[in-house]
Structure formats: C-alpha cells, structure tokens
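The next part holds the structures, each set out as structure tokens.
In the two complexes below, chain A is the common chain; its partner is chain B in one and chain C in the other.
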Partner chain A sequence: MTDETPLLEIRNLRKYFEESSNVLDLLLRREPDQIQAVDDVSLTLNENESIAVIGESGCGKTTLLLTLIGLHDITDGEIIYKGTPVSEFDKADWKDYRSNVQVIFQDPFNALDPKMTIRESLEEPLKIHGIDDRDRRVRDVLEHVELSPPEKYLGRKPVNLSGGEKQRVAIARALIVEPDIILADEPVSMLDASTQAAVLKMMKELIEDFGVSMIYISHDLSTVSYISEHVNVMYLGRIVETAPTGQILADPKHPYTDALVSAVPIPDPGHDRDRTRMSGAPRDPIGLGDGCRFRDRCPAVIPPDHLEIDQEAFREVMEFRELLDRDEIAFDRVVETIDDPDPDDRTMARALKQEYFRHELSGENEATLTESLIALANEKPDVAARRLKQRFESVCETTPAYVEAETGWNVACHHYEESTNETQSTPAKQH
Partner chain B sequence: MRVGTKRMISKHRIQSLRPYQMVAENHILRNFLTALRKMLDDRTTSFYFAILLVIVVMGLFGPMLAPHDVNATHYDDNGDILRAEAPSVDHPLGTTHAGYDVFSRILVGARPTVLTGLIGGGMILSIGTAVGVTAGYVGGKTETVLMRFTDFVYGVPLIPFAIVLITFMGVGFLSSALVIGLILWRGAARVIRAQTMQVKQYPFVKVAKASGASTPRIIFKHILPNVAPMAIFFLAMGVGYAIILQAGLTFLGVADPFVPSWGVMIRNAFDSGYMATAPWWSLTPGLLIGITVLSTFMFGRGYEDLIDEDAESVDAEAVSA
Partner chain C sequence: MTEPLLEVEDLTIQYETDGGMLTAVSDASFTIDEGEFFGLAGESGSGKSTIAKSIIGGLDSNGQVTSGTIRYRGEEIQGYDDKQLNEAVRWKEIAWIPQSSMNSLDPLQQVSEQAIEIGQVHTDLSNVELRDRLKEMFDIVGLQESRIDDYPHQFSGGMQQRAIIALALFLEPSLIIADEPTTALDVIMQDQIFKYLDEVKSELETSLLLITHDISVIFESCDSVAIMHASQVAEYGSVAAVHDNPRHPYAFMFKEAFPDVREPDRELEVIDGYPPELIGDVDFCSFIDRCPWATDECGQRAPNMESVDDDDPTHVAGCFRKDEAYELYQSERDHARSEGHSGEQTTAVTEGSD
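Entry: the complex of A and B
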C-alpha cells in the first residue's frame, strides 16, 4: 500500500432514511420526508491513526458507523477502502473488508450472545474467516485484554461477567482477527467511571500494539484525548469542525464545539469559568432545509448587519422562529398561563412573549416582534413567520462552507468565512 | 499477535472431535440441558415433569405391561360376559360393556395419546418456529406474505376444518393428529416472530453480521438459541392442546375408533350408554387426559422460573416488557 492511499476514505457520505409512509401517502403520491441522518460527511483515516467523531445523541454518529460496516445502504457518496470503493466490492472484497473492519458497540450488556460461552463468542469470527489455531488465539487475545488467566473466563457465559469484563471480551472479539480498522461506538459510555479509564487506556495500548486504526465515536469529549489524535465534531448529520485533539480542546472555533468543550467537567470545586450555554435540544433531522443546522441553538448566531440587537435577544428570536417553522409553539401551555378564559389577541401575544422571550427588545425590533406575535395569536403563523424573517433573517440561514481556518483545521461556520460574513448582508433565499 | 503478523489461514485442519464429544459440545443441547436443570430446581416443575415421564413410559411400554389383550372379552365363572363390572382384583379398573379390561386398554391407549401429543406439539414447534424466525429475520415481503398467511390460518375454525380435512384424508388416527398440527402453529409463529425481531436488533447480531456471518449462521447460532426457550414453551403447550383436541375430535367421531386412545375410550363409553353406570370406564381416561394436559401446561410454566433465573438474558426483557 502506498503512502498516498488512505486506509479508509469517506467522501460526501449521505445516509437518508425515509419517514415511514402509509398507504394514504402512497395513494396521494406524497413525497415522504427525508430523515437526514448523515449528510455530506467526509473523513479520512490513515494507517495507524485514531480519529474521533464527537456529537450529541441523535446526531448520526451511530448511523455513520452502521453505514461504514455495510449494515445500511449508502444514499449517496462513497466509502473507499484501500483505494477500492465499497460500491465496487465483489463477494471476496466484502469478506476481506468484514474481517479487516471490526466493530465494538456501546452496550456491553447485549454485545455478547447470552447463550454462548466466551470461548464460543471469540471463536466465531475465526470460524467465519476460516482462521486456524483458534485455541491459542483465543487465549492470547484474552490476555491482551487483561482477562487472565484465560481459563477462568473461557467457559463462562456473559451473565457471569461484569460490565467492564464484557466490554473487554467485546474488544477481544474485535481484535482477534487482527483487523486494520476498529470502529468503536461509545465503547465505554455504559461503564462506570473507574472502569472507563482502565478500558480506554487498554484500548489505546492495544491499537498501538496491534497497529490498528480506529474511528472512535463518542458524545464525551473528555474521553477523546485518551484515544484520538484527531477529532471530528458532528452536529445533526454534518461535520462542523475537524482539528487535532489538543488544539480543538484548547481553542474550539465552532460555537457548537465550544459548547461541548465547556461542558467537559473540571474536577476542581474552586474552578469557575464562563460556560457557553446551549439552549434546547437538537431538532429532529427530518426535512432539514438549508442553513447552519446549529443556528437555533447557537449562542453566536449572527444578526443581520443593519440590526441593532443584543446577541442574547437575537438568539431568542432565532430559536422562536425555528419553533414556529417546525410548528412547535406550545399554545396550550401558553393559554394556561392566562387567567382570562377567552383571551384576545393582544393578551395572547403578551403571554407568548412572556413564555418565549426573556430579553427585552427595543424600537423597531420590538414592534416587529409584537406585530408578528399578534398575527400568530390571530392564527396566522405564516404571516408571523414572514414578518419575523423580513427583519431578522440571518446569514446563518445559508449553509456555511467547510473552510480551512488553519492548517489541518476545518470549520463550517459563517464566523470563519471572512468574505461572506462581513460583506453579504442579504442572505440567500431560503428553500 | 504483534504488528504485521501474517495470518495463517488453513482450510484443511478441522478440529477433530469424537462423535460423542461433538454431541456434548453442541451448544443447543448444552443450553437445553442447562435450562432443564434450572427448571427442575423448582419442585412444582419437577413434580409435573415426573408425571410426564410416567406418561411417556406408559406410552413406550404400556402395551407390554398390559395384563390382558385389549380386545379379549372376559367372562365370569358362569360363562356370562363381565359387562361393565366394577373394579376387582382381576380387573383393577373394571371392565367395559363388552367385557374388555379397562386397565389394559388404558395402558395400550397411552401410546396413541402420547403420539398425538408429540406429533401435534412437534408440528406446532417446527412450523411455528420456521415461519416465525423466517418472517422475523428476513422481513420485508417475505414477512408480509408469511404473516398474512398466519392471519388467514387464525381465521380457520379448527373443528369444522378438521372434519372437512379428515373427510378428504380419510378417518384415521394419524390424520387427526396432523390436522391439529396444521392449524395450531399459528400462535407459535406470531410470538416467535416477535421474539426474533427483538433478538435481531441486539448488538451481538449486528457484530456477527459485521464480521461476515452468513444469514444461516446467524439464524442457527444466534437467533434460534435465543428464541429456543420460547419455542420449548410452545412445544409444551402444543402437546397439551393436541391431546385435548384429539380427544375432542375423537369424541365427535372424526378419528379412528379402533385405535384405543383415551379419547376413543370416552367416546365408546358414551356410545354404549354406560357412562354413568360404569364411571371407571369413562372417568379414568378422562382424568388421565386431564392430568397429562395439566402437566404439560404446568411444565411449560416452569419456563417463567427459568426467565427469572437468567435475568440478564434476552428473553427476560421480552417477557417482562
């Protein structure tokens, strides 16, 4: 293998699911909404490299992994293993790929077949790939994962192992066929903290010993520095930032990464620091349009140039617009805060404002907001949305390009797109 | 196993095991025996298991143990037929209206009863598991076709269907047992499909798939062992149902009256009009059918204890959910 060919290359990988459609949808020829679980992800994994993919639950990490091991079909894009695209694999290639790419799942409690002994679980991949000398390999690998003496474990069933021991066996099963790549999906997140550190340390040593490359998938930035040299931060199906681990931890560029980094606990009660706070939860990745996907939760969402507005207040407006767009305004809850059983539009608008806005707006901004809230109370959400958009449309509603902010450091954020950020005040039309 | 070690792949050396070792190493058998041992830890379960064993022994050796020929008419000292005689030393369970020995008929009748149970239960187990696992694992159109067919079978009323089918296949002992199996697999198929779907989404199945295991391998090594306890449960239930139904069918007259199963005995007693006057003739086979069926059901219930024991196993969640 030449140095130029990376071990595994992912190019603009997309994995969309269709929202389940029923007979009625079929008859009316309604296009089902797309769930954009993985959208335009590119990654490169070189030999002996360990990279991490970080993101919240539901951001598409696991889908990415399942797509990589061929359990999901690819919607678009390409996975290239040692120069051969997966789409051109024949049967022998698949067999080779399956023995060289192994996976460790998050949940150690169901990662092993409860009906099989440890020996049987470990022998299975060897049997599938016709590898001989099983007994020695099984014992060897058990010692490598620090389960010794192996005799003590060989005849046991998973029920008789602790969580940490199970995960060690799962790691052993991945290593036993001496793969090139290990895909680890939050391998320690379900273990308790003391076990986590031990297992992580062991994994790090093992991937170095065995010369394995690894894609480490996790929601937990604090564990990443143990394992990976490079971090990809994923948000709602897209990679928003890629950088060497040390640098990204020290100086995160993307506001989302910043929020993640500041969420890493520091075990020092005297320590006080500014936390970047994210509000809300990520939306469902269904029918996402253009724009930065973090814009509704972003503390640094960019107001239009002509607008005089407080950052926090603008953020609330963006969040509210997003809710409105998704039709998720909780009218029922708002009505309950009003004493009047049959409130007029103004009362309703005031209640809405109280519920969703903590920061005061002023002047024109205030007028626009009130006007649209009244429209909303009047059951004209379209009018409200349009009014708000006219005044508050942000550059973040266009998809940011993935730019190289520094060498080896890519960010997808309008803050780092110098040209567009400063000059372009009229954002492109929304889809 | 250091960096760059060459893989040694050899297709020739298969671990040589002696046949009895292979049987002992077989994981399905091993799991079955472990589970049985666990179930027998419970005293109630082992009590019913013992009854079942006795009935199976009766089925195996009954005809040999029978003191009299089943079709021999017995006479008293005066040369009169012993018509519906009450139990005595010679005939511990009395005689029928034709002077046959009831005790001998009970022993001989155990075999067809046990056979019915095994044929019916076995068919329920095999058809139900095959349909359920295939539908659950393969999914898609296969699943739709199989499960709609199962729904269709659910709509078939058992007794009328049996009467019609037996009309075509001819009245016979075997056909009545087959009919039962051909219908009753439907419940097993549904439940085992659901279990299969659950087992299928566990990480250990995904890992096996990701490391290249073929579909048959996954089904035989991972899916079947994990749905096996449920399948055995359905076997136990199936045996019971098959015996009850066969007795019912026999009573209605759609089974071979000359194979002296317990069901046939009750019918003969009813036909002769001696049902009330010679209770030993009708009550004994009736009680035996009841005890057999009760024992299979209660033994099946022992399955629940197994689940509690194995709290972390896949089935535990399936049952508690």
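Entry: the complex of A and C
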C-alpha cells in the first residue's frame, strides 16, 4: 500500500458546544454562547506514522480525540478515513472504523473492568468484532506488551496488577483487534518514571512491529520525542505550531510553544533555567472571536507600530481590554478597596488602575488609559473600550494565518508573517 | 553549627496488615536545616509519603513508628498525640500541602474566613492583622490581595493551589511539607507555583520538604535530596553531589529514567520489576531483586548509609558496591550504545503490506 491517500485526514475540524442556556436567555431570546473546544484543526496521519498533539488541560485535545472516535458530532469540517469522509459512512463503515481506530486512555486504574479477568478483558473486543482464534491472540498480545509468561496474568483481575501492568493490559486490549490507528490520551502520565520509560519504549516498538499509526495526546513535551516524529501544539482549540519533534524542542517558534518548552523542568541542578514568565491560565474557550487566542498571555504580543510602550505594560493593557470585552471587570471588588462609600469617577478610576495595572504608563498612553477608566467608572464601558482600542489595538487581534517557517514547519503567529514587519522580527525567547 | 530544624533518625514505620507487619519505612535518616529545600524522591510505594505523614502525626490508624526518632528543633515528637502535636508543630511550625490539595479548601467559606479561623486558634493577632497577613501571602503567591474574600470556586485550579500555599504560609511556618503539590498540574502552572515557592524561600527563609516522584523538579528546586526505594533511603546528599556522582544503582537508574528535553534522543533507563512488598523487618537491601549488580551480601544484611569517597561528608549511599556500581553501569551503557549504533546503520526499508 504505497498509494498517496493518508490513513486519516482531519480537515478544518470544528467542534463547538452550546453553553447551557438558562431561563433568562430563553426569555430574552439570547443566543447561548458557543464553547469553541476544537476550532479549525487540520491534521494528517500517514501510515506507520506517530504524531503528537500537545497542549495544556482545556486546550481541546481530548475533545478532538472524542470527536475522532465518533462520540461527538462534528460541528464543521471533515474527518476522512482512507479517503472516505466519515460523514458518508454507513453502518458497516462505522463498525469497520471503530475496530480499526482504538483508544488508550489516561487512567489505567479505571480503564479496565474490575470484575473481569485479564483473559476476559482481552477476549471481549474480539467477541464484539467477531474475531476467532481468541486464545492464541490473547497470548500473543500479552507477549507483545511484555506481560509474560501469559499464564501468569490470564487469570488475574486488575486489582492484582500494578499501574504499569494495567496500562500494558489496556494497550494489549487496543492492539488485539489489529487496528490501523491508536489514539493514546496521556497513556503514561499516571505511571512512575521507571515504568513510563518502559511503556513508551514498548509503544514505539509496537508502532513499528504492528504497522499501526498513532495520535499521541499529552501535555508533556519531555517524553514526546520517544513516541512521535511530529508535534502539533494546541492552544484553546487551535493548532498554533506544527513541526518535526526534534526541531520544535530545540527551537520553538510560537511564543506559546516557547513558553511550554521552557517550563519543562530540567533534571540537572547545574542548569539554571528561568522560571516561566507566564501568569494565569488559559481562559475558557467561550465566545473567543477573532484574533490570536494566546494574545492575552503572550509575552511577545505586538504593539502598534507608532506606540512607544514597554512590553509588560502593553500586555497589561491587552489583558485589561480582554476583561472589559468579556464584561469581567470586578467592580464590586474594586469598590471595596475604596474607603469612600460614594466615590466619584476619578477615585473609582484610580482604584481600577491600582487593581489591574502594576506598570506605569506615561504621556499619551497614560492619558488615554485614565480617560478610559473614567469613562468606565462613569458606566460607559463602550466608550472606554473604543478609546483603548483606538490607541492600543494590536495586529494580534486578527487571526494569524499559518506560515511555513521552514519545510514541514508551520506557525500561526503574526511574528512570522512577512507583512507584519519589514525586518522579520522573532519574538524574544525565554528558552 | 546551629541545630537542624528537623532530624529524622533511623526511622522505621510499619503497618499492621492481615499478612503481618508491613514495613513502609526502614531505618531512614535525614535532616532539614532552616531555610533548606529538601526533596524526598522515589516511586509510588517507596515510603516517602508515609514519612511525611508520620512527621505531622497523620499515619493511618494501623500504622506506627516502631523505632527511631523524629526531632523537631531538638524535641522528640514521634510519640506525640494529636493534642500535643497541635500545640507543638501543626500550622504554626509545620504546614502541610496535601496531594489532592484542590479539595482541601472548604467550599462554603471565603478563603479569608478559613484563614482567620486558623489564625484565631494559633495566634494572638486581631482579625484586621490576620487579614493583612493573608493579603501579604496572597501577594507573594501572585494572587490579587483583594481576592482574599473570594470563595474557592471563584478561583481557577492553579489559583486554588496558590491560595492553599498562601494559607500554608499564613502563620509563617518554619517548615512546609508538600506531597506531590504539582503532580496534577500542567508544566506552566507547575512552574508558576515553584516560582512562588522560590520567592517564599528568599523572602521568608522557610524550609520545604518536597515529596515527589519527579526527580527533575527536585534537581531544579531543592538544595538536597534523598532517593528512597521500597522503605530504604538509597542515597542522600546535595542535589549536585547526587546528580553528578550518584553511587546507589537505584539512584542512578532512577535519574536516568527521566527524560530531558535538551536530549530528546537519549535512551531512557528502564528499571525492571516493581518494588517488593516487605513483611517484617527489612534486613537486606530492598533493591536486591531489581539490581543488576546485586551479590549474595545484599541479601544477608541491610547496607549502612556510608559516606561515598568524595570530599563531601554529607553525601551518603546505602550500597555494598557503591564504589564500583556507577562505573560498571557507565561502561556497560557505553558499550551497549556503541553496539546499538552500529546496528542501526543497516536501516531496513520495510514496505507495508497486508
């Protein structure tokens, strides 16, 4: 099979959920907000390939996985398996797909039925998919996942296995139906380091021996090189960077990837790594709108050309504008910091500044901010937002396109778009 | 030399089980000085959490210290009951950040209420002073001071974790015991937390007992480390000494099992087998069944913790072959590596066929 058709192709996949609407929404006929869990994701998995999707909790990687196995409907886009879109699948196609696409979940402690013996657990998928020769297959697969001799394990129940052994059984269970694709969701994150290495090593060998392909999903960049040749970094529903593993670890291009790589602890007391400059956590993927999704936390967000402003100070303005847009300014809390029970707009503006800004602005920047905060205190958030936007709008508020920085290496960041700056600027790296 | 803050000496802890006395900790010794960050590393089941629990009197009811001592500022505390411990060490002296700390805030109380409750029991400060103190701690852990009156659910996961650290710091304890405080968190969040712990170290001179299976976190953030295997301390010393010149086979194999993003192609060490379940006294090396260099002697008695022969008397290892094992390991590994490489030269191109 050397034809050009990829094994699995994901094209511009979107999976949105509707935020549960309440009575007030119904009365006001408001559209509930969309949760954009997976937004415009494209991936290609070729035969005998292992690719990784890396991102923090809440980035949408697990939703992506559940959508891939048909547990979620697709909002938009296509999943194409061996040339056929899943939207055109009939019942038989689905059955075939489900046996060919197997999942290994994060938690080996809950993935196995505690009442079943290992033999029963492994025979079950064979029965479901009507495969014979069960005894031989069960023994074979146990040998492959290095649980040997099989006799020692066949009669046991999960409670009598260690964490590493359980995960091996879970892997055996996925392999036993001889799938084309394995989707592995944090398969080693709950295991001890000594076991982790062994399980990763084994999975890598299985990919080669069984000729299966894998999508490896994890938040951990430190182990990804042992299992995948290609890495996709995901942030708030979107892939921000995709590149060969070695290259992305050595020279991350997207500021988010850089933050992720440089936050990985280095097991060497002689190495002096700087702690992360990132603060906070990713926001909820609700009503995200246009723009780079990382802009509110990005240490390299791009100020308008004419503006003279410190990066840290600009980021604070950016963050504040985001909060303002999302109507999340905590006025109640700010009021409590003021002694005056009935403060005037200026006092309120000062208190807002105190609460949300640690860096001093100067000149026109300062004047615009103060003016906007007074407007905000005067209950004119629209005016405040407009003023701030006029002066501080960043190119990062438009959605960046994928740019091929090098062959096979795509980045969605305005720093890599040539039109942004004549001299292509690269963000200051922490790594 | 000033007196160490915490001294654990020849500590043995056993649990009464149906199968007999299960030894969780055997003859473990280490000390923590004032301002020192100390890491206790090992696989699950090595006994590291049991040690931590014994220090604050939190052992399960079937567990007990059967021999050895725990001294806090020179005072023996291993026999103290709850009341004595509350007076002597808990909160005021030793604070505890548990493993599942996400659930350790009371969801029905504002963080400030929880802090004031603790403060009223353990200090003479007024409520206003307590609130100011909490604000100060919020600032150190990077939370807005105005948020002390929030309820736990108003914080994100990482912020809750920081609020817990702020509460742990609140009475300015001399020692914080943190049991896998960041294991459930993403790397960026983990790094944020340690950034604040660094801050705590430099500003408050607090000591830390960090328990984790992740040696890379310890190498980065601690001054010294003890690596435990199945109830015994295998090796103990400054992080630099243990990293650069490890002597116990478990210590160096454990270290080599960890990936390092700087070397994505390095072969990871695999330690075969699992830690044994130990019934009765452990009068042998508990690593014997997993150790490639074990000899008969290892099964006959437990090795003493002895200084390894460098110029650093604080660096000790409990292994009969500590003077030669690491060299044997390195030469075997180099050998395997050179063989492995010549083998890879003949890369077979396999065509997939069904």
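Note that in this section the second predicted complex is superposed on the first by the 386 of 431 C-alpha atoms of A that agree within 3 Å, B and C clash if a C-alpha of one lies under 4 Å from a C-alpha of the other, contacts with A are read in each partner's own complex, and residues count from 1 in each chain.
Definition applied: contacts are C-beta pairs under 8 Å (C-beta built on N, C-alpha and C of every residue); 3 or more make two chains touch, one makes a residue touch a chain.
Everything numeric here is computed off the predicted structure, so don't read it as measured data.
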{"item": "Room on chain A for both chain B and chain C (clash or fit)", "value": "fit"}
{"item": "Partner chain(s) touched by A:259 [first = chain B, second = chain C, both, neither]", "value": "second"}
{"item": "Contacts of A:211 with chain B and chain C, given as first, second, both or neither", "value": "both"}
{"item": "Which superposed partner A:71 touches (first chain B, second chain C, both, neither)", "value": "first"}
{"item": "Chain B versus chain C as contact partner of A:132, first or second or both or neither", "value": "first"}
{"item": "First (chain B), second (chain C), both or neither touched by A:120", "value": "first"}
{"item": "Touched partner set for A:268, first chain B, second chain C, both or neither", "value": "second"}
{"item": "First (chain B), second (chain C), both or neither touched by A:98", "value": "first"}
{"item": "After superposition on chain A, the shortest CA separation from chain B to chain C (Å)", "value": "5"}
{"item": "Common interface positions of chain A, toward chain B and toward chain C", "value": "211"}
{"item": "Chain C to chain A touching residues, read off their complex", "value": "43-44, 142, 144, 146-147, 149, 156-159, 186-192, 194-195, 198, 213-217, 219-220, 239-240, 243-244, 253-255, 257-262, 264-265, 268-271, 274, 351-354"}
{"item": "List of chain B residues in touch with chain A within their complex", "value": "1-5, 7-11, 13, 15, 27, 31, 202-204, 206-214, 217, 221-222, 225-226, 228, 310, 312-314"}
{"item": "Interface residues, chain A side, partner chain B - complex", "value": "66, 69-71, 94-95, 98-99, 101-103, 105-107, 109-116, 120-121, 124-125, 128-134, 137, 140-141, 144, 158-159, 170, 173, 177-178, 209-211"}
{"item": "Footprint of chain C on chain A - complex, ascending", "value": "1-2, 47-48, 56-57, 162-164, 192-194, 196-198, 200-201, 211, 219-223, 225-226, 245-246, 249, 259-261, 263-271, 273, 275-276, 278-281, 330, 333-334, 336-337, 355"}
